[in-house]
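First the structure, in the form of structure tokens, and then the observations on it.
Labels A, B, C and D are assigned to the chains in the order they are written; within every chain, residues are numbered from 1.
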Amino acid sequence: MYTEKVIEEFTNPQNVGELADADAVGEAGSPTCGDIMKIYLKVECDRITDARFQTFGCAAAIASSSMATRMILGMTLAEAWDLSNADVVDALGGLPEPKVHCSLLARDAIRAAINDFRTRRGLEPLERGSGCCCSGEGGCDSCPGND
Amino acid sequence: MYTEKVIEEFTNPQNVGELADADAVGEAGSPTCGDIMKIYLKVECDRITDARFQTFGCAAAIASSSMATRMILGMTLAEAWDLSNADVVDALGGLPEPKVHCSLLARDAIRAAINDFRTRRGLEPLERGSGCCCSGEGGCDSCPGND
Amino acid sequence: MSDQDQRTLYMDHAATTFMKPEVVAAMAPYLSEHFGNPSSLYRFSRESKNGVEEARGQVAAAVGASAGEIFFTSGGTEADNWAIKGIALANRNRGNHIVTSAIEHHAVLHTCEWLERQGFSVTYLPVDGFGRVEPERVGEAITDETILVSVMTANNEIGTVQPVAEIGRVAHDRGVLFHTDAVQAIGAVPIDVERMGIDLLSLSGHKFYGPKGTGALYIRQGTRVETLIHGGGQERGRRAGTENVPGIVGLGRAIELATADIEGHNRRIAAMRDRLVRGVLGSVPDSRLNGHPTERLPNNANFSFRYIEGESILLLLDGRGICASTGSACSSGSSEPSHVLLATGLSHEEAHGSLRLTLGDANTGEDVDHVLEVLPEVIGRLRRISPLTPARTRVPEAE
Amino acid sequence: MSDQDQRTLYMDHAATTFMKPEVVAAMAPYLSEHFGNPSSLYRFSRESKNGVEEARGQVAAAVGASAGEIFFTSGGTEADNWAIKGIALANRNRGNHIVTSAIEHHAVLHTCEWLERQGFSVTYLPVDGFGRVEPERVGEAITDETILVSVMTANNEIGTVQPVAEIGRVAHDRGVLFHTDAVQAIGAVPIDVERMGIDLLSLSGHKFYGPKGTGALYIRQGTRVETLIHGGGQERGRRAGTENVPGIVGLGRAIELATADIEGHNRRIAAMRDRLVRGVLGSVPDSRLNGHPTERLPNNANFSFRYIEGESILLLLDGRGICASTGSACSSGSSEPSHVLLATGLSHEEAHGSLRLTLGDANTGEDVDHVLEVLPEVIGRLRRISPLTPARTRVPEAE
């Protein structure tokens, strides 16, 4: 039922593990519904320079965790916030319909991590609908490479 | 579903036809229920000396017609009256349960013929339950061979 | 007239068909190496799942449906039961009336009778002398309470093909769902569920050179049908039970073959059948063809021979190696002969004296010749035994 | 850890089994030359009829019934549906209450839920931590309204064998009919419907090396059961539809083979299974065996591995060629894991982390060795990915 790409990503997941000196940590899901994802980010000047994850869940959950961490590497926090689960599903070449919800896990964990990053800096956590997530450290534009 | 004996008797029925100078004719059944048997008897001194039949019906009806005419040949009318359909079924080596009723046809036609014989002689037709069917012509015992 | 003639000449294809070698070949791998449960997750079971889904596509293509509208069953009977009970039970709040015909298969009739015992009311439409349901009658029978019209595509006994598209139109004009039992029609009548206004359609594998114990129900997308067999999530949650994978694969292949060239097939079969009919009616007095002269299945010849009874015809034919069928009750041990023949207006005697010969893909012109040689003999023989035969019809035994 | 290992190691025999060559051989003639409809009258169809009746005798012998009490169905699911709906609908006037267990197969549970929607009331008995139904509980649940007790002989997920004879006794003491779903038990648990007090019993061919899409229902002589599938007079008028002759023949041969030496078979399979269980529990920390330690099917091993989820175990095993199953909901796309595992008291996390390995006749000691080599690696790998794994259980990757 899974595409070859999902199976490949699941069988050889990238970015597995923890980051001891993470700038942000986010978690989503619950063991009751069968999946939990924990994500660790290194952030420099609003840009994600490293990402690791740990996931308890099915192949779709693990594959989308892996894919999502690969996708956000190098993104600004704003871009990462806007990463939709549809983007992750597309990158995986699709997921079976009853499995699509598993890919929400990654998006939720990333957003939780970004809010953790903001909270650590004394900023308000963002609402779900919100579009921007600059840390405010001198404004997004002041960071190198943000042009 | 039929025994070999039934098929054999049906495929090569004995005593088929009419007797122009029959002493008795009997009929049973109706086309509505799918079978009719007509039987023709020659009777000498209360003994059946010839028997022929015509049957409209299934293999069981035809086979039991043939078998019954074979069985009553040489019988006294009393013996023929007492021929039960179980006797015919036994002689055929059995009939499938839903077909047993077809063998009643022969018994009923034989009894109708015996009553025809009696009526022709001014005797009362016998009731179903009745056991004797002497024609009364000098008593059964007076005929040759009835000892 | 005994068992000398050892060869079996099978002319009872409406009862069941042999399986085509291509069908058996398609099934073979699923009887051995591809045995996985289609519901399983591992790659090994993908062959099974793909086999089932390919067959679903084949069935869909054969009736002009989409694959998502095809549900596999254990045969035509289950499909009929599911369609009719499923619609009735799911639409109880909308009405309790069903319109069907007097000549349906027992899978439909006995299902309807069961529903009557559950409080539904059923109209059994009469047919004309050829066994046709008149579409106007369907319209007249529909009431505000009617939730389903069920009329078969073609009759299994007399082969009469119904004006299904017209009946579908009448039903739809009145907002009523239309089911058709197409068990006998597949491979002979081109089916297009769209064009014919069919909402549910039953079919059965063993009537078109596929496996016994396989069938399918087409359910138009969006039609509410209550489940008949509850359990696991197979067939998208609508028909539970581990799939009969080899059977389904065989069904798919068989329907593909059966519908590849319906016209050519019909032409070939009907030519033989027509010669058979002409030959029989020409050589056997007091015989008639039952069913419709033209609107009939190409392989069906159903005769009535007066003065004699069907089972005995059938068994004498069997003695000569010919396999046929009859609508006489004596074959079933009840006293009522075929409800179909009676519905067309036949007397009991005529109905009892019926014989059905249904041709198939393996029959040849020689088979027809052989039947034409044997059948009049058999009829003559039985007529000589019958008390009903008039003198003019009684042919003396050949020496 | 990729697709290199091409050989398929099948350890999911509770899902379905391959067909034994003897079974395929028994079926073969009925797939080609013996294609007659068993209901037909001519000699040619006698082979079909005899095939069906021989199979009926084989099934009867296997469960201690007489042939007249065996009715063929399209599988275990249909048999379960028929038994439970059939008893309920035929005994409506006597009561409206059914007693079953919380760990039945969905074919039973969803049927019971449907009956609840029709106005019946159902008690779903709890089980103990090993998945056993206590017979006293059955007695307590029976009321004056109870018309049926339905408890499975052995569970398909955790393999727990129920005290069926005791449950039968309790039901009969209270004058209540007893149905058991023996789909998983045939060939492993010796069945005697008399001794065990069973009034109805469901079985399914594809669970004991027979064909998919075949099953049977045993109905004790004299038991009133409403028909589920209406139509022709097949199966003595109680289950309509042209018989799946090759399937039925295969079922008969398969059950004969499966029950010829249950004890020897169980000894051989259980020895492998026990080594598997010991090996897994010994090498994988925080693992447990689900189900009963001794009262279980000889081929069933059901584990829970904490901190990880079943579908991902299953797919990594699949990558190594091993076919297994899980009770995790993620395999079915719902969020509730196996109702059976939850009923035995497992937490959601443990239930999600379950793996079922079910051995079969073709498995060898080497298969067990291979699983014992691969499985701990797979578990370790997933535990390294999981955020729930405690440090003491996290094994570093082997270099």
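Here are some notes:
Note that a residue touches a chain if its C-beta (ideal position, glycine included) is under 8 Å from a C-beta of that chain, and two chains touch if they have at least 3 such contacts.
Here the structure is a predicted model, which is why all the values come from computation and not from measurement.
With steps allowed only between chains in touch, the distance from chain A over to chain B comes to 3. Chains touching both chain A and chain D: none.
Chain centres here are C-alpha means, and the one lying farthest from chain D is B.
Here the spacing of chain B and chain D, counted between their Cα centres, is 59 Å. The distance from the centre of chain B to the centre of chain C, with each centre set as the mean of the Cα atoms, comes to 42 Å. Chain C and chain D have CA centres that are 35 Å apart. With touch defined as above, chain B holds no residue shared between interfaces to two or more other chains. For chain D, residues that reach two or more other chains under the stated contact definition are 41, 311, 315, 331-332.
If the chains shown are joined wherever they touch, the resulting network is a simple chain of contacts running from one end to the other without closing.
Chains that are in contact with each other form these pairs: A-D, B-C, C-D. Across the complex, chain A is touched by residues 1-2, 307-309, 311-312, 315-316, 319, 328-335, 337, 347-349, 352, 384-388 of chain D.
Interface residues of chain D facing chain C in the complex, by the touch rule stated above, are 8, 10, 12, 15-19, 24, 27, 31-33, 35-37, 39-45, 73-78, 80-81, 105-108, 110-111, 113-114, 204, 206, 211-214, 227-233, 240-247, 311, 314-315, 317-318, 323-325, 331-332. The residues of chain A lying in touch with chain D in their complex are 2, 7, 10-11, 13, 16-17, 27, 31-38, 54-62, 96-99, 102.
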